[in-house]
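What follows is chain A paired twice: with chain B in the first complex and chain C in the second.
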Partner chain A sequence: MTSGRHASPTEFVRGYLCSVSEPGGITRLAFTHGGIKQFMKQNTTAVTLAFTTPALVIIAIFLLYPVLSGFYFSLTNWNGLDRTVGFIGLRNYREILGDREVMVSLKNTAVFTITATIVQNFTALALALALDRRFRSGGLLRTIFFIPVLMSSIVVGYTWSFLLHPLFGIVNKLLTGAGLGFLALDWLGNPHVALFSVVGMSVWRWVGYSMVIYLAALQAVPEVLYESANIDGASPLRKTVSITLPLIAQAFTINILITLIGAMKEFDIIYVTTGGGPGYATQTLAVLLYNEAFQANRMGYGSAIAVVLFVIILVMSLVQLGILRRREVSF
Partner chain B sequence: MAANGRRHAALVIEIVLIAAGIVYFFPVYIMIANSMKTSMEIAQNPVSFPTSFYLQNFVKAWVASSFGNAFRNSLFVTVVSVLLLVISSSMASFPLGRYQTRLSNGLYILFVSMLMVPFQMAMIPLYRMIYNLHWINTFRSVIFVFVALNLPFSVFLYTGFIKTVPAELEESATIDGAGPLVIFARIVFPLLKPVTSSVVILNSLAIWNEFLLPLLFLQKTALRTIPVAVFSFQGQYNTNWAMLFAALVLAMLPMLIVFLVLQRHFVKGITAGSVKG
Partner chain C sequence: MRQMKPLFLLILLVLAPMVIFAGGKAEAEPAAAAPAEEAIVLDVYHWFGPEMRDAIEEINGLFKAETGIEIVYESAPTDQYRNVIKIKLASGDAPDVFGVFPGTEVVEYSDAGHLAALGGQSFMNRVMEGSTVVTRGSDGEVYALPIDQNVVGVVYNREIFQTVGVDVPETWDDFLDVCQAIKDAGYYPLALGNADLWVTQLIPYAMAPSMIYKANPDFDAQMYAGTRQFNGPEWKAVMEDYVELNERGFFHPGILSTTYDQTIQLVATEQAAMVVNGNWIIAGIREGNPDLDLGMFPFPSVDAGETAWISGAVGITLAASADSDNLDAAMQYLEFWTRPEIISKYLMAKKAFSTIKGVSVDFDPAAGEIGAYLAKTNTYPFLDQGWPTGVQDVFLKGYQSVFAGQMSIEEMLQSVDDEWAARVAD
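Entry: the complex of A and B
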């Protein structure tokens, strides 16, 4: 046996087997190789492969392969029923460009994503800043803001459908009772309002999640910085703007990224409350692609829409990471 | 003067916060209160505290949605998926966090880049694959897809944590003649307890509440998980709000109880992947 830099295939396989199977395998081989360091170097490859194999196999079969074949299906006219799949080149993509329903869904996705991201992060940050002051009721309030995170979107969607019902909905009753009857709208049935109602539900469900992340970041800001600012006579607003916000930039990055990606692929809450209606008023790309694939049996076209969604998410996350990372401050 | 003013400001903020909390909690209150009313009482007074305490709603909803069965299905799918996730992602992360070789770095990038992939991108080909495997209406279909979808984030969490654990214990165990698998199981894995609890909590929450995936792959009534059971229940009883609210409360309760018991761990779990990202 040589103790060169590269193990021969037989040695490699034996190393792989010994390293995972028997205790003592490593030492035995190591001593025959003259030195544990030498052995470890050769064997990191075997150990790396042995330990990552289960995860790699699952990812390869159930995620990587489907994603890659998704690109292929987007070039076909597969209808979900036939055994054969017809290759039609870029025709699906050309159809997307002229499809008004896709364009409306694209616009709705953009409005949904941007509004949800802004409102959710603004609310969560405000709650976190307020809760950071440690009130007696703080623990209970934190729990309350977190409860919707635990619910499935089905539960959230149906509860809000009841609250927002145009006839017997409590929201409208309360508004009318408060003399704000002009605000009593058909929240989920009015095409100008429905999308924002759905945004509201989504924000209600997820605000607690973002809040917890902002709170943790706030609590990690060193107290010393505030003390020295106090000595300099800084106002609370000044301290928030000059100390707190820059130091929790990392929480901004992660929260905005999470909301952005989450909102782009949001399906459940829209599907169970409006189903994309009235008309196409709340139809986002995620809902449209489900309908194309599983209602209209246009799997090929649905795949092409999925590719569009994927590319948008990818580009937005990369751009966003680039912009926000630059603004982070370490301490 | 200044201290006084600050105390006033704090009080005002607390009052505003409590008001916000009440408004925020209102939908949950409505759900719970109305689950204990008759349909008649809901129609007459949807906001008030229940007076009839009509618990029959829960019995009826339980039977009509075969809730016991749905609960068992959800529990089985969640527990098995999370178990497989913990084992496969912690193992994979061990070499990824320990070695700085080109192979381990490359594999790490492969895993983490999967974070950007939306489920929708894999959905249609997955459906075809599961269909061709004759795996529709089997629990293994959703379990393996759940594991695959959540692996990237779990690997990300574990790898980040393993890098912070000193390697000395492992090295001395190596000299004592233990193989990597033994070292991992006996020495490394127990040290990963904090991140394991994050991985368990985040994934349980996501998998327990997932709707689309079981909707696609578990079409038989007997195999429905809780969200799908509530969804089809609503389709049948969409005018019976009393029963629907009871079903919603039943659906929410298991996770709420787990949360109230393990609250601290939930908060830690969520912040683990974000603050030291």
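Entry: the complex of A and C
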């Protein structure tokens, strides 16, 4: 064993044992390890670079470059086809300010995001609190609630739009059969309901993800705190409010942030089920920028909308992170 | 030595396939026999549906048998195709032969220098001149080969018509009476898949030739000149008739969440008596229910004594990439498609009408019925083929908005006028 390149811990241990068992092995081992440690200490920058460069190169090519060129195209009138690109400064951004369609999409994005964030986190927390009680089918239920996360948005979207169809779908048949015929709506065709139907699908799909995070946080709360609260004679509500909720504040921060960002970017489910329709009823910024860039051949304008969406998400995330972080406690 | 082992294994692993495949190739080449020069391979990319795959593969096979040129054929659904082809063209990765949507896109793509001109090719003499109107660039040159024509009309179930006791209507008032009779008999008179944006436009496309362009063929030119508006009496009349069909309950519930596929289902299962769509829907309905007695007639947006114009237009084209390394082979391929025996195979499978002179295909009794009308009246292209890009999208959203009660007819038409003005100004 001369080289210090250990492919795996097992190999390392095997190598160590061999070295020790060989005559003079201990000295050699000490020498070898001294060598690597010394090398790593003296050349921290080189080592760091060696480990991060591959990832950086990939990120630069596939993420940074497209993002930066997106910023550039937002200042042009490129139609996505021509070999020439015309630089027009901030004209796209000025057009956005006066575009009715952008304002409608902005409103829809806000409604979608707020509803999805609230509903998803409430549902996920409720599920997590229920599953935290450790009953017999708990493991099975946890898996079932998580399965939609593993499904593709396309599958979820198509399946739900079929289930919700007023003629072919089973949802309205069940509602009518149960004497709730007044609830049998045209879920995706009624402009007042469609956005919330899509929120429902999105929540159905992602709730398992948030639930798992809440569940992990709940299971990390030390049992002794509840025991001492019991001794103090605290009610279940008191225990939830004073112990559970503050101690899972970190999970709140992560979950709300993830749902908020995810909801603002949501595209697949909306595109598959309603395509932004009927009319403009479910058109969010993500759908609008796609339509502008790829349907109407206005890549420059689409890019400008993407930049606006990016800025909104960035600002919202930072503000929210600041507020939620302040409420976290450690134990 | 122990250190060397993994490295040696790795090298072996990398080299082994090379050795194996190199051997395989060396053996395969003599087996393929003869052609000294490297075989030419043409990439063909299109939006043909999966139902066309067998016919296309057969044509490609015949082409290879004759010329030795291999065709690598790929297709994607329309919406996806529209986007992918743009990315391929913009990134310099154009297929040798591909489809271009007739009308405005031919102009845009050829202006951008992506399409090879076809004007000098002798096979273009075989093509009906009228059909190349929508495959020309802004310079008047032909840039795409039109290979079929479609018509939009009313596909109907003859048995339901007989049961109800109604005949094919020839005026708008007749049409409303027929719808009412069918509704009273317990069927949905018309299936409508307005969840799919492209479907929302078909009824107006069927109406407008008779209601607008028959009286004023220069309507679009006047739009470009700024002397006409969508928000005027002509289009208001079209929209009011469209909305009347809905208000009188001639569609089924949930038109805004029903897709094209579901309208096929409604007609195939005999829940709906009629559907307004292109002749391509006949193939889909027959697949769902081969026993149906189907017919097709022109949408009768006319008063008594008048003949309806038919909305009919080139549907599919083939174009050669200006950047193709195998331009000669690509032209050979296009020539192959214009031969009567080849195009007939395609049209039979596509169930569409010919653009090649002297070729008539008896592909379906339903199409035969509207074919008889075609012989004695005029057609007008699908409306968007003459509009600036982007206008159609606003129209499509507008139809949905009107049916969803989110916009009035005037607001909707005004939004299209605004878009037209903005696009023409660009």
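Worth pointing out:
Just so it is clear, the second predicted complex is superposed on the first by the 289 of 331 C-alpha atoms of A that agree within 3 Å, B and C clash if a C-alpha of one lies under 4 Å from a C-alpha of the other, contacts with A are read in each partner's own complex, and residues count from 1 in each chain.
One rule holds in what follows: a residue touches a chain if its C-beta (ideal position, glycine included) is under 8 Å from a C-beta of that chain, and two chains touch if they have at least 3 such contacts.
All values reported here derive from a predicted model rather than from experimental measurement.
In the superposition on chain A, A:206 makes contact with neither chain B nor chain C. By the touch criterion stated above, A:191 is placed in contact with chain C alone, chain B being left untouched. By the document's definition of touching, of the two partners only chain C reaches A:291; chain B does not.
Contacts of A:252 after superposition on the shared chain: neither chain B nor chain C is touched. Once chain A of one complex is fitted onto chain A of the other, the partner contacts of A:112 are absent, as it touches neither chain B nor chain C. Taking chain B and chain C in turn and counting the residues of chain A each one touches, the greater count comes from B. Of the two partner chains placed around the shared chain by superposition, chain B and chain C are both touched by A:168. Using the contact criterion defined above for the overlaid structures, shared-chain residue A:279 touches chain C, although it does not reach chain B.
Comparing the two interfaces of chain A, the one with chain B and the one with chain C have residues 80, 168, 294 in common. Listing the residues of chain B that touch chain A in their complex gives 9-10, 13-14, 16-18, 20-21, 24-25, 27-28, 30-31, 34, 43, 46-47, 84, 87-89, 91-92, 94-96, 99, 101, 103-104, 107, 110-111, 114, 116-129, 144-145, 147-149, 151-152, 155, 174-175, 177-182, 184, 205, 208-212, 216, 226-227, 230-231, 234, 241, 244-245, 248, 251-252, 255-256, 259-260, 263, 266-267, 270-271, 273-275, 277. Chain C contributes residues 3, 6, 82-83, 86, 89-90, 108-109, 112-114, 194-195, 197, 252-258, 262, 265-266, 389-390, 393, 397-398, 400-407, 426 to its touches with chain A in the complex. Across the interface of their complex, chain C is touched by residues 2-3, 7, 77, 79-83, 161, 164-168, 186-191, 274-281, 291, 294-298 of chain A.
For chain A in complex with chain B, the touching residues are 18-27, 36, 40, 44-45, 47-52, 54-56, 58-59, 61-67, 69-70, 73, 78, 80, 127, 130-131, 133, 135, 137, 140-141, 143-155, 158-160, 162-163, 168, 170, 173-174, 204, 209, 212-213, 216-217, 220, 236, 250-251, 253-255, 258, 261, 264-265, 267-268, 272, 286, 289-290, 293-294, 299, 302-303, 306-307, 309-310, 313-314, 317.
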